[in-house]
Amino acid sequence: MHFPILSSLVALPVAGALLLLLVRDEPENEPLVRNIALVVSALVFAETLLLWSRFDPAIADFQFIERHAWIPAFGISYFVGVDGISLFLLVLTGFLTPLALLGSWESVHRKTRTFCMFVLLLESAMMGVFVSLDLFLFYVFWDAMLIPMYFLIGIWGYDRRIYASIKFLLYTMAGSVLMLLAILGLAYLHSTAQGSYSFDLLKIYELQVPMHLQFWFFVAFALAFAIKVPLFPFHTWLPDAHVEAPTAGSVILAGVLLKMGTYGLLRFAFPIFPDAALFFAPYLGLLAVVGIIYGALVAMVQPDMKKLVAYSSVSHMGFVVLGIAAMNTQGVEGAVYQMLNHGVSTGGLFLIVGMLSDRRHTRLIAEFGGLKKVMPHLVAVFLIVTLSSIGMPPLNGFVGEFLVLLGAFEWNPALAAAAAIGVILSATYMLWMFQRVNYGPVTNEKNATLADLGTREWIVIAPIVAAIVLMGVMPNLFLKPIGPSVERLISHMQQNATVRVQAQK
Amino acid sequence: MLFYIFGGVAILASLLVIAQRNPIHSVLLLIASFGALSGLYVLLQAPFVAVIQIIVYAGAIMVLFLFVVMLLNAPHEETDYDERVHPLLQRGPMRFGALLAVALIVELWWTLTKGRELGAFSDAEVTSVAAIGRSLFRDYAFAFEVTSVLILAAMVGAVILARRESR
Amino acid sequence: MGGLNAIVPMACVTAAGIAAMIAEAFRDPGERMPIGGLGIVGLVGAAIATVLLWGHNTSSFGVVSADNFGLFVTGVLVVVGLLSIAISGPTIDRERLPAGEYYALMMFALAGMILMATATDLLVMFLALEVLSISVYVLTGIRRDSPKATEAAFKYFLLGAFSSAFFLYGIALVYGLTGSTHLDRIGNVFAAESMTSTPMQLAAVGLLTIGFAFKVSAVPFHMWAPDAYEGAPPAITGFMSTGVKAAAFAAFVRVFLAAFGPLHSQWVMTLWAITASTMIVGTVVGVAQTNVKRMLAYSSIAHAGYLLLALLSANDVGKGAVLFYLLTYAITNLGAFGVIGLLETADRPNDELSDYAGLWNEHPWLAALMTVFLLSLGGFPPMAGFIAKWYVFTAAVKAGYTGLAILGVLTSVISVFFYLRIVVMMFMTPAEEPTRVPEVPRLAGAALVVCAILIFYLGVLPAAVLDWAAASISTIF
Amino acid sequence: MVPVNHYLILSAILFSIGTAGVFLRRNVITILLSIEIMLNAVNLTFVAFGRALGAVDGQIIVFFVMTVAAAEAAVGLAIVIGLFRHRESLNPDSFTLLKW
Amino acid sequence: MLLLIPLLPLVGFLINASFGRRISKPASGAVACGAIGASFLVALTAVWRLVSMPAESRAIVDQVFTWITSGRFTAAFSLRVDPLSSVMILVITGIGTLIHIYSTAYMHEEADAEYARYFSYLNLFAAFMLVLVLGSNFLVMFVGWEGVGLCSYLLIGFWYQKKTASDAGKKAFIVNRIGDFGFLLGVLLIFVRFGSIDFQEVARAAATLSPEAAFGTVSLMTLLLFVGATGKSAQIPLYVWLPDAMEGPTPVSALIHAATMVTAGVYMIGRNAVLFSHAPQTLTIVAVIGTATALMAGTIGLVQNDIKRVLAYSTVSQLGYMFLAMGVGAFGAGIFHLYTHAFFKALLFLGSGAVIHALSGEQDLRRMGGLKNDLPITYWTFVVGAVAIAGVPGLAGFFSKDEILFRTYASGHTVLWVVGMLTSLLTAIYMFRVVFLAFHGTSRSASPHDAPSGDAPSRDAPAHPAPAHDAPVHHHLHDAPPAMAFALIVLAIGSIVAGYAGLPSILGGGDWFARYLEPSFGVLPVEQVAEHGLEGTLMILSSGLAFAGIGIAMYFFLTNRRAADQVAARFSGVQRLLLNKYYVDEAYDATVVQPIKIVSQEVLWKIIDVRVIDGAVNGVGETVGGFAEALRRLQSGSVRTYAASLLFGVVMILGYYLWR
């Protein structure tokens, strides 16, 4: 019995949160609290790296599996494992959480202990979502994750935080409850077919779901995930949540939470309901493309930096969904890779916007201008992150986008071509924003005296830049482990779909 | 024949009970309808029930009512009640409520007539008080005990609620 | 007749009630006497008896059967009793209520509940119903100097009596049809002639449905609930919203799934409609409430809807779900009302939504506990409420009530909205004037913490209790 | 000999009259009386059925019902007294502190 | 080994980027020049190895590492030198080095940090440009392709505090992106069609096909690639960014917007000669667009008053020539012109830079004049450049341009040939207009404000503190400092001799250049034109045109300016049209940019997003709330209504039972 690394990934943050309970919540304890939280999250990150190093990229199947009976009466078990698709999402989570904590070092001073606790709990829930291979377990984490996020937005957010937080929670929950019913339906199907309930993903994979049920269940799943992604037109909670959330919230929200939607599509919705998936894939792809262009266009005219980045997320996540809908090697690998890219670069963008709003307490583009003269370093970093976000080779964004487009083109050239327009538009809105914020003369004298990046901020942003470059130059480092699992997924789809997957490997 | 007389009296009295504005009259009329009922019980060969109907009901419970009415020197029901309290309290909706009652009568009537036919009485022998007592303390002993708890609770409750403010 | 074993739990509780009365009689004014302790003793006795009786399936007088189903509910009721006593302390001291009568009535009510849960005879069931109802009417109005309380008691009483008349009429018809009030015989007779269901049968079923539906505050028989819950002292509200529900549902299940089982196809449609409207009205109207107790009243209506859904499913899962749901709901709701009770002060109830503003700063622990309870009511993992709801919906899906299941999950989303309104108040809204929160008595605080722990336990490791519930339903059906 | 149904229908009518009284009258006491009417109607049903079945159970049940009625009456009247104390009125519509 | 060529400038970039603000100007300048110089030497050795190989197998491949692998798709980061790319890397590193050296003096007024930043960008550009030409597959090329776009964005917007500058940079980048959109799709299509993105494999696969008679897949992919080329190489319709790009420092204009980057499109077509030659339709389109661009830009160049803009339009026009060459299948000729053009256009830009430098930022021709005596070196080198571009026999421009025109005629595109001839006449005219206006006549800068309106005001870089307007600016006139002079002279020599590399056989040469390139263009041979007679006549004709153009320019702009003004007055409409560059920018703005902005702002965001979609979401909530309020009212508080509702329930249930 090897060391239960996945469980520890889930448990460690909770332990950290409980540890924080022991610290009295007083201002003088703030540094202590922060450091504890930071150390814990850093440990988690280290553990994810360890996981990566121990992960065998040649194996397509799940690794580090742990399985314990939980509610045996209903075939529910604590069943976790990781494969190439989820591996890097874990690493990403571990990577972003400490940065998010550090990023809100200056901005959060009320109830710091509770803040750190919620961040840690959130991390644990996210880890749980990515490792669980039991539908019930997955749903538990999926829903549990809402609560800390809700509090993060609602307590430490900006003016309209209450509206935004409730909207976030209700909207996502409304989507996911239907998924819960679909899950129950699957378990019931299993009980009728095999004689016993089971929420075990691997068993559910083998289940032959009748056509008409497949369609309904797929819709339920897809709705939950589409809201999370968010896929056009279910995206309107995102701008509100992003704008109102504190920096840490935005970073984690954009960096990890959105990935849960696409991850869910990839792990659950598509392989469990292959036929329905293939039937709906074109529509998903269409929505994705609409989202890509629409999000970009709307982002272009946003006066608020965070809102702009939020809509850009709608656009970027569109690429991910498109790649998944293509359901061929390049598309899916690109999608998975694009998840990571978006996590890193958008997380970076939110961190930078956070730094700016820490200094100026506003995020309105019009308030800024000419920052390059005042804080060259920050602007340089800003530029790199921007370029990564607009998919400039050889930075990370390009690799993902290209693979997605490649896969999509093999699948449906028209959609791919339309999606490629997003490449133009992303450059337009990002550079326009970049220019308005950083170029030109310093018009607002409030900006004339801003400090450049401090040490802490360097520590926050340097890893992001490093990751951007690394992922751009050596994508194979990541694609190699991803590959086999993706191949397995696609072959699974091909075998179980009565309709043939049109895209070959 | 007697049945229709008693029945008519009972119905009439009950109708008058709920037609009265003065509670005292209502109480007295109710006692009258109870009398009619006990008559019916006699017709049904249930003398024991008939008796306690008079003693317990008319004698005890109704007196309690009378007592309370006197205690509160029961005001006539105020006719100038506020119609603006709530739309649902104005006459129209209340008439609708009355319609409901009528509907209930119709439904029950339908139910009981369309029910399987138990027209004729089984001519079992007259049930004696002794039989009742036996059955009551053998088969229904536990229920009987439960009523004791019931009375106890009611007593305590009545005392708490009705006693004068100790403060 | 099987001896008296089956009634031991009820007897313990009754004895405790009587003891409380006597103690009160001997209490000279001003002396503080741990009368609640007597109740606890009695309940512990009942608990022990329950454990000992577990699995023996004994019955007494042929009308009380201590089968596992009844015993499980008895267990739930014991928990309800203990928690209620624990959270009653503050109210009694603050309102200077007559502790003896208070506890005595609570014990009598519990006795009635236990009896109702274990009775197998309609007449006894009716008597038990009256015992618990009358005690609860009085408890509702026990704050005589409060007009609201008296009004609440009045409404509750009036409608209660009204509905019990219907209930009784139903019993009469059943008696007329079957010549008996005993469930087994009723069941046999109906089973014999289930093919030809006469209108009278249906009317009987309908009238009994009404009686139960009123007690579990199902739409359209729910209107008393918000008023009664708002007027009663919080501890009592918690007590009746959980205890009465538990007892009533136990009887409901017994009568409808055992005796009226043969008529299932007849009553299913009405229950379907009642369930749907209950879930909808409970949640939707709850959204508009500004008084926390009232809000929770509507939430309890909604929960009655979920319980009805489980009952309606009428499969093994559903029956287990009823029991498990009753347990979790009891713990959670009592916890919530416990917090509400702690927030009351002598001069004002502090039960308006706005009174909760900034509670987090005044009293972080209370706020945290309240959040746990509310989220559990809302059905968030990893708390008991989620498992309970999941169990119910599993049953519904299995029974094929997909429409109701969808309705259920959507309404539970809506309900989350008003639970969160309280959370928003506590955590995200600064208090305009600091609400000075009275000190938390040790017992009550401990009880709340225990509730929270239980909630998490049932939410994370429900397997044991689930199996227990599943096992206990197998004994009667 | 009058058939049972007649008794049953009579009781049904009485029962309905009671129900009507509950929400038609605007005097609390009268409302309580209406409930008594309902209970009595049920009693009549019980006795009639008992007679029809030739068993004593019906009468015994009536006995219990009377007990219940007494208990209810006691508590109900106590509550009424309490009400009257608070507001010098017996009009149910004047007790609407709790609503909505 | 090949990796060193782009790597060295990259290292230079990293050094200057990270330590730039701490080291002195000479240091950072030295680092930058050293980096590019070293890479030039490496390139020389590489090319030496190449030419020492047998002609048919001339290629050095350097497989660095596998970049992306995904299923059957794999993209190696591998570099490849063959005759074609060897020419390019020599041009890039060689001319690049010169311009670096030139810049050390030109940018001297900048602050240390800015100075370092400038050179870091310049190095980065060189690195990306080298990757572009060395890349052995489309993806690596695309890396360079995008990278140079980025650098040009950064360098155009180098003086970021000037709105016009940063605007121009943004415009350049976005317009390029539009091109890249086509390029990317082309690459995707190629992969889907041929299953590979390696130039060699694609060429091999394409070679097996027969040229498409109708417009087919190959035509489509080549056309998409060409869209990319139009963006990068400023052809119709995407040429608009290049003139604005003149906001950047002049050496940048010389390096990026004259010598190297803008020719990437031409290079790309040459790189895929096989593919294109299988798509005759596309080739025709290329040729037509090239010619049209050449003519249009030439006409605009005639009237521009900003010296750099004239050069910019001339660049566009010359690029048009190159595409014409590509379009008629004369790939060798096109690349040849690319190579010669690099010399004289860089020379011209640097010369104009020297002038601007001397006039401390003045760029308006109408404020120059009579600089001949003050700036001899600049003057003479500039004249050399002008003569070369005008196509006077014996200089670089003559050979390459002549080759192109001849091939055009030979390939039967007579119309295109006529237009080409006309354009070469225009070229001579506008170039010498510049020469005469700037260097001859009398200084007109003393009275700056009588300048005829209609043209953009003079652009003075903030780096030059003294505004150009305060007259007289001629007091501190000084000729190009040594570093600049060196670059000018070397380039001038280059402009004279470079052409002889491709001396046509008719003049006793042997088309060495074209023959050397042949293997890179794969299958189709440079067809030998039999009768030298035709070629000769055309030569004489075109050189005649060149002299004619110079003459016209001399008449109008040297001997009697009145005539010029009269003509301008006569055709004032035409002149305004040309001055405003056919209003293309305005048209784009009105038809594309503004609509998108307005629609996004007013419709998509304010209406669809906020009202419709979000409105629906909130509407659900409000609906529930409304129902809540309504139902709540039923709870009247009166026990009688409660009883009624209870009874209602009873009646309903019983009624249901009886009814069914």
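Letters are used for the chains, namely A, B, C, D and E, taken in the order the chains are written, and counting of residues starts over at 1 for each.
Everything that follows uses one rule, which is that contacts are C-beta pairs under 8 Å (C-beta built on N, C-alpha and C of every residue); 3 or more make two chains touch, one makes a residue touch a chain.
Fair warning: this is a prediction, and the values are worked out from it, not measured in the lab.
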- What's the overlap between the neighbours of subunit B and those of subunit E? C, D
- Item | Partner chains shared by subunit B and subunit C (touch criterion as defined above) | D, E
- By CA centroid distance, what chain is farthest from subunit D? E
- Item | Furthest chain, CA centroid comparison against subunit B | E
- Closest to the centroid of all CA atoms, by its own CA mean, is chain A
- Report which of A-C and C-D is connected by more C-beta pairs in contact. C-D
- For subunit B and subunit D, let me know how many angstrom lie between their CA-based centres, rounded off. 4
- Can you check how far apart subunit A and subunit D are, centre to centre, with Cα atoms defining each centre and the answer in Å? 65
- Item | Rounded Å distance, subunit D centre to subunit E centre (Cα mean) | 98
- Task: Return the distance between the CA-based centres of subunit C and subunit E, expressed in whole Å.
- Result: 79
- Which residues belonging to subunit A are in contact with no fewer than two other chains? 170
- For subunit E, residues contacting two or more additional chains: 621, 632, 634-641, 643-644, 647-648, 650, 654, 658
- Note on the structure: Residues of subunit D that touch at least two other chains are 8, 15, 18-19, 22-23, 26, 32, 48, 50, 52-53, 55, 57-58, 64, 68, 71-72, 75, 79-80, 82, 92-93, 95-100
- Note on the structure: All chain pairs satisfying the touch rule are A-C, A-E, B-C, B-D, B-E, C-D, C-E, D-E
- Residues of subunit C that touch subunit E when the two form their complex: 154-155, 158-159, 162-163, 166, 199, 202-203, 205-207, 209-210, 213-214, 220-221, 223-224, 226-227, 266, 269-270, 281, 284-289, 414, 417
- In the complex of these two chains, what residues of subunit A are touching subunit E? 167, 170-171, 233, 235-237, 294, 297-298, 300-302, 328-330, 333-334, 370, 372-373, 376, 387, 392-394, 398-399, 402-403, 405-406, 409-410, 413, 416-417, 420-421, 423-424, 427-428, 431-432, 435, 438-441, 473, 475-476, 479-480, 483, 487, 505
- Query: Mind pulling up the subunit A residues that touch subunit C in the complex?
  - Reply: 25, 69-74, 136, 139-141, 143-144, 146-147, 150-151, 154-155, 161-162, 165-166, 169-170, 173-174, 177-178, 180-181, 184-185, 187-188, 191
- Task: Please give the residue numbers of subunit C that touch subunit A in the complex, ascending.
- Result: 364, 375, 380-382, 386, 390, 393-394, 397-398, 402, 405-406, 409-410, 412-413, 416-417, 420, 424, 427-429, 462-463, 466-467, 470
- Message: For a test of understanding, state which residues of subunit E touch subunit D in their complex under the given definition.
- Response: 632-633, 635-641, 643-644, 647
